[in-house]
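Have a look at this one.
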Amino acid sequence: MNELAKELAGRYGARGWHDIRKDLASVEVDAIRIRDVMAYLRDEAGYGHLSFMTAIDNIERGAFTLSYALRDHDARRGLIVHADVDRAEPTVDSIHLLWGQAWTYQREMREWFGIDFPGSPRVDEEFVLEGWEGPPMMRRDFDSLAYSDATYAERPGRVTHDPASHMREKLYPEAAQ
Amino acid sequence: MEPTIIGRIGYAFVSLFVITNYGLLLIGSMARISAKVQGRVGQPVWQPYIDIVKSSAKRNSIGHGAMFYLGPVFRLAGGVGTYMFIPAVFGSVLFRNFSDSGDLLLVMYFIFFGQLGMALGAGEGGHPYSAIGVSRGLAQMTAFEVPFALSVIAVAAQYGTLDINAIVAAQQGGFAHWTLATNPLAVIAAIVAFLGMSGHNPFSVVIAPQEIPIGPPTEYQSNLLGMLQTNRAIFNGAKLVLYMNLYFGGATNIVAMVIKTFLIYFVNVFVGQAFPRLRTDQSIRFFLGAPTLVGIASVIIAVI
Amino acid sequence: MRREKQRVIPPAERATPDLDSGKYLVMWQGPQHPGITGNMSLRLVAEGDTVVDCETHVGYLHRGFEKLMERRLYMQNFPLVCRIAVPEPDFNEYCYAAALEELAGIVIPEKAVWLRTLSLEMMRLASFLMWIGGQAGAFGHGTIAQWSVTMRDYVLDLFEELTGGRIYHMYIIPGGVRGDVPAGFYKRVLETMAVVEKNLDDIELVMFHNAVFKMRAEGLGYIPRDWVDHYGITGPNARAAGVARDLRKDSGYLAYPRLDFQPIVGTESDAYERARLRLGEMYQAIDLIRQIVDMAPKDGPFRERLPNPLYWRIPAGETYVSAECTRGEYGFYVVSDGSDKPRRVAVRGPSYTHAVSVMERLVRGVNIADVAGLMVSLHTYPPEIER
Amino acid sequence: MDATTFAAALDLALGREKAAVAFYRELSAMASFAAQKSTLAEFMAMEEGHVAMISGMKAKGSVALSPTVAVDLGLAARMDAEERPTAGMTFQDILVAAIKKEERSGVLYERLAEAASQPGLKSVFERLVAEESRHKRYFEDLYESEISKDN
Amino acid sequence: MSEKKTIPAPLANEGLPPEERGLFCDAAPREYEPARGAWERFLNWARSESLWLLGFGTGCGAIELRPLMTSRFDMYRYGIQPRPTPRQSSVFVIGGYASVKTLKRIVRSYEQMMGPKFVLALGSCTINGGMYWDSYNTIKRIDQYIPVDVYIAGCMPRPEALLAGFQELKRIIKSGGGEGQNEYARNFDWYKANQKKVIKDWNMPDYNW
Amino acid sequence: MDIKDFIAPFAVWKRAFEKPFTVKKPIDERPGAPRYRGFHMNDADACVGCGTCEAICMNNAIDLVPAAGREAKDGDSGLRPRIDYGRCCWCALCVDICPSGSLSMSNEYVWIDRDPDVFRYVPGVEAKPWDGSALGYRRAEGYRLLDEDRVPMPELGHAEAVASFLELVRGYSRAQAEKEADRCVSCGLCIASCPAHMDIPGYIKAVRDGDMDEGLRLLYETNPFPEACGRVCTHRCEEACSIGSGGDPVAIRWLKRYIADQVELSDYAKALPRGAAPSGKKVAIVGAGPGGLSAAYYLSMQGHAVTVFEAEEAAGGMLRYGIPEYRLPYPALDKDIGYIESLGVSISRGVSIGKDIELSKLRTDFDAVYLSTGLPVAYGLEVPGEDHPRVLDGVAVLARATRGEELGLGGRVAVIGGGNVAMDAARTALRHGATVDILYRRREEDMPADADEVREAKAEGARLVEKAIPLEVRDAPDAAGEAALFIWNEATMVQKEPGKRPVPEPIPGAVREGRYDSIIAAIGQGPDLSFIAESDGVPVKRFRPVVDSFGMATRAAGGAPVFAGGDLVNDRKDAISAIADGHRAAIGIDRLLYGKGA
């Protein structure tokens, strides 16, 4: 473990430092401390550039995992910070004051996953969707195909055959009995 | 032989018909020349005709109140009016129009009249871009009118008359008698103003497709658009003929008229292809700068 | 001098104009508006000719790529990713392929490395050629676009020959590239480069030594240097502000460490500077393409064998692979849960910040006429915002 | 060709076919289990069919036999066995017997055809040769597919 | 064109604020009887030789319009040119997939165009959903929402394919087949019902031209 | 800004004097690039209708539809892909993955139509203008999304092999098996060709997933002899394999073996379903070969009490007595049989029907009888001298080898025949130190034996004498009956009838002879039907019991219904067909016993 990992662990209880490749690592923190961690990383650890933020729906363990990807351009290395939030009541501190584009990501996550970032500008406005009535669509329990089939008309006349069952029908229909 | 009033009206219609077609072909050929600069073939020369037929052949149209309809009518009236009081070919009975009934001031008024009418109509369309286009158009117009008016004043002062026929007459007898030769500053001021008047780059602020698509006529369609397109041809023709008369010695036959007006119009294209578009404020600042000074100088020269 | 005067640094906080006062004109620019790049819209609040507030509205091109990718096999996503950005699909292909290769532990053959680099640089050139037409067009200069888009087409002809596709190449496949170089291809590349270079010289003369263009572009959209980190600005937009960041140098992916080039850096950080810088990058791309043609291995395999794509499982893990596209940092964040479909793919497009946060702020105080020019000078592309 | 000679020729053929029926019947009597019996019964039925056909021709006075000789697979030539009717006959034994029998009939007709002086009669015998060759081919095919599959 | 089933639905501009109501028509579109004989053929010729297309890049397809309208393919020489406002345009090029949000604008722009108007649909996505067949945000068949005159297969179709599409469109118009406007008017209720099925926040006037 | 900025822009006019960029007639002048991905083409004859294109297509653009004039047959589903250009994105993954390589793309790209419903067609079946286009996208040479090379099976070297009866084939390791399983595209063409219609894609998936219990469960659904079939199956599935249409077929047999090998017999019970509750019905099965024991397995799974009567001292039938140990080691066979026995199936060994017990007795004592006695009778050479003491029959030699008896073949052995029995006999003889000649009437490619067997027999040192028509066996001079002369006639293959296979025709005068210590005749086998009396009511035609689709021969009054199957009934002479028959009969018997009709 390197210096930064120790520092993060000591200050913010960060854990699970993992070197993905030689210039990229990931680390996990508690969601409640995310703003502090990000401020520290930006101001003191040199990770001045926020590449992107996103969330992963880990539906199996009932959590959204937030991923904040930072980059230290001078040291030419990246860091992905993970934080789990409860899937049932996802609320995270906004970091829009730290980075000027963070609010857009937060707005996106609000719309796509239903994660709330209180205080983030325009966070409750629609982002890419318009008049969306379904659940947040990036959640894994939302079935895109089913929604599409139910909503958008398809051109009729498509029918396909499974080779195996077609051959059974044609060549040995008795086995179907 | 002096024709009867009925005959003169008939001649005026013929003249109008000719200038309309000429204007359309001019637009068509300039489009082709522009295309050549851009490395392509370009539309057929007669494309403007098809466009007008097409626009007029639209089956439905929408309106936004009476003023909306009147806009193009005013504009057309402006164009026709401008043309009607300018002699297209000096000395020709057919292309004399009603030039002896009007003078430079009347023509100047008609040039404005069309613009204003259009502004009123377009404003009625309710489209914000129309409104912006109109305000830009009027702003730019007031700006380029300054050098233009100065130049006209210089010409009027130089020849001591407001009668266009007289101005043309005074320029007969070779290049040395043209205003271009006698008062080049006035011509420069006028030509620069002309760039603004005809809305070519870098002064195409009115329609500016990338900024306010496409300005005042945004809401115009169908036969109203056809009317505007026709007017564009007439108005172009009228302005060119006016310029020719004021600065380039007029024309004593139709061939000279075609050559001269073509070249005057070509100046627009020549500059327009080279430059992008200025912002309205830059355009205004520009017209009120050097061209105005040149205009003033030309007046001074003319007066002296 | 004059440039300095025009520079407008808009306030950090959004103005909240009183719309009922009658002082302001609210208008929408886009999605159906020729001055907007791509299909997005701006809600502008103008006072007179000056924009006082701007809201960006995106999503007109939202197709739900990230959701769709979660329900497709890894290999099935390969034709999908390039559609995220139609002007330069290859960067998507590269980032996606590289992310999978990293997660699956695949090393691609040397020839594939070079062909990928070639494809990316050709794409960069083509994309910039399209952009420069847009930039000139936004200020009303239609001729440049007529020339440059044709030049782009010549580059696309090369792509068509190499990859079999004109717009969507689907060439950089996980494991390598999809086809070898056809006979005589490099010769045609060099011929095309000569033609493009000659026409770029013309464009430079007409567009960059142009009084009106300078009047419009100089001082427009000034981005102070300290915004670069704050807004996550990357690519030419950052380099024009004097920040010498170029992932091709910094991360050293593909064959870039073996190519001879230096990031071009500007100082003025306005629309003119950015345009100028991109022009420089076009020349640089031509130079890089020539180097690649010279140095690329002529024999050898071009693709590593992968497992059956119908069942290809990638070990659980995550990675973020980024590349320097024409607009800046383009990246794919891929999370695998060990199954045959990705758990999560997130796309980081540079326009995400350029076209939204930066655009919203820069446009305040700008003349309505300049909005289009400003937007193009940021080189934004909406689909990578909304995916 | 006079009718008598024609009838005589057919009678000869009829006689041979009836003898074949009798042959199968005799074998069948010796058969020890159902499978032999059913197979022999089938072959016997075939021969009875031939009997009926030739009798029909005789009655109608016409010859409706195909002149095409079936291809000889050449199995019979190499089979050494005479019919050895035993209780434990296998399918192979029965088929060999059948093939041999058909071949002998064919050879006989062939000789008769050679010896015949009247062209009409000659043609009748040649057609009978063809008929027998097809019977033999049938059995040879059976032998190839059922018995000598691996060789 | 086939007769579509009409789904009766109350259509009105009632949802609009009173001050905006004046900006829109208050009646359903009506069908227009074409002129007769040689005159109509002449008009159709003019319509086909002067195709002004709406400059609305609805999807990927817009990218191939660029080469088409610039010097290499130069569509101007075929009488085709882009037009920035729907009022003056006669051809709408649907550039591939249409997200619901864009569809709303497509419908609006289409309705604002003056007839006769034509629609050219580009690529797989407009025919049967294309590669976004399972997306929650893109429609699959554009012909459910507006009438389409010509389809061009491809993803992306080359500019040549687009040109061929325009040629086909010209042929159709000349033969008097470009009656999409009347088709739309005739099946107005059906189209509106389809549109409202997918456009969930319907805040547009129903009668919108 | 200086003066240049006002002058330089006029340089645009330079272009006005140059040639325009415009292409005059774009559609004609600019065809798609040679590699352009245009509309699809399909070589419908090479296509096998496997649907892999459909599986890889992310756009759901491909449907498999019945093609006019193409029937389903082994290795060809009769379906052909139909492409929907309302979906296609021209990525050409279908071309890259196509196992048979039949799909390709032309460089045509213009397709315009008013009617949106026309944009789908079956390439290669519905004619299109671009059919047969020489240009267009083809997958790059040597570049395929699927691996065409089979994972090689580790085997004993030939020298090592001949020296012992050790099993030749060692079986896949886990990595090898998973790699091989990964080549499968789950098209399912193989299922129809497998007589037992095993769920081959299913168990291959289990290998991929590493779920051996699931794999075993799937195997036992249709085949209770996975160990045996995994080694010696005639694997007709592999001939139908779609991967085989453009490369090596998937090693389906080895994967089956891999699954069975991975699970210990003691764990079988855990992996496999439990049988139904006892039904109180009794079923007799005659013959403990694969067919009989399969029937026994499925019947006992249904809860019936099963007794198997076997004439030999050990169960397994031809699997044990006909197949040498080096191909199917006895422990593997014992594992299969052991599991069946462990379910409560009782096997009465050494009980010969017709001798020790009559069929009619079984019919009275049991509720149903299944006959699966196979083909125990070897057919003779039918040449003069075939009763020479040195003429042995192949099946008997193999059976004696199984029993461990001294074979006494001598140093030079001739094997007559080209079937699997001939190969097994030859290779057994090789392992007993003999030099072996295999004499076959036709050519090597006509041999009914598996190509692998022939190849290995040759590799192990057997000499193959083709086109040898047996003429006579004679006592060898000075051999006193210890050696024989085998005399044959060299043949030439003559195409006598069009469309039929050529016939060996003796070359006059080309008579050859060879002196051998033993001559093993392996030309064919037949059934022994002597135990069926007429009174049993079992219909027999041409030495085969006549059965219905469930294998039922009779349900005549006077006893329990009689079913029959396996080699006794069918013509296919392989274990898997017997197993399939056994399974089918078990279903038939079960229905009958439960009164579900049949």
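Lettered A, B, C, D, E and F in written order, each chain numbered from 1.
We adopt the following convention: a contact is a pair of C-beta atoms (placed from the backbone, for glycine too) under 8 Å apart; a residue touches a chain by one contact, two chains touch by 3 or more.
Computed from a prediction, not measured in an experiment: that's the story for all the values here.
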Smallest count of steps, each to a touching chain, taking chain C to chain D: 2
Starting at chain A, fewest touch steps before arriving at chain B: 2
Furthest chain, CA centroid comparison against chain C: D
Approximate Å spacing (C-alpha centroids) for the pair chain D, chain E: 83
Centre-to-centre distance between chain D and chain B (centres being mean Cα positions), rounded to whole Å: 113
Chain centre separation (chain B, chain C; CA means) in Å: 43
Chain A-chain E separation of Cα centroids, rounded to whole Å: 37
Junction residues of chain B - those touching two or more other chains: 35, 37-41, 209, 213, 273-275
Multi-chain contact sites of chain F, meaning residues that touch two or more partners: 9, 11-12, 15, 20-22, 32, 58, 84, 86, 89-90, 116
Junction residues of chain C - those touching two or more other chains: 33-34, 59, 62, 64, 67-68, 71, 79-80, 83, 143, 146-147, 150, 166, 168, 206, 210-212, 215
Touching pairs among all chains present in the structure: A-C, A-E, A-F, B-C, B-E, B-F, C-E, C-F, D-F, E-F
Contacting residues of chain E [partner chain F, same complex]: 71-74, 77, 121, 124, 126-131, 133-134, 141, 143, 148-155, 157-161, 163-165, 168, 172, 177
Residue ranges of chain C in contact with chain A within the complex: 14, 55, 58-59, 62, 64, 66-68, 70-71, 102, 227, 229-232, 234, 245, 250-251, 317-320, 322, 329, 331, 333, 335, 343-344, 346, 348, 352-353, 356-358, 361, 385-386
Contact set on chain E toward chain A in their complex: 100-101, 104, 127-129, 133-141, 144, 194, 197-202
Chain A to chain C touching residues, read off their complex: 20-21, 23-24, 26, 48-52, 54, 56-57, 67, 69, 73, 76, 78, 80, 99-101, 103-105, 121-122, 126-130, 137-138, 140, 142, 144-145
Residues of chain E touching chain B in the complex: 23, 25, 32, 42-43, 46-47, 49-50, 52, 55, 70-72, 74, 76-77, 79, 81, 83-85, 87-88, 90, 114-116, 181, 209
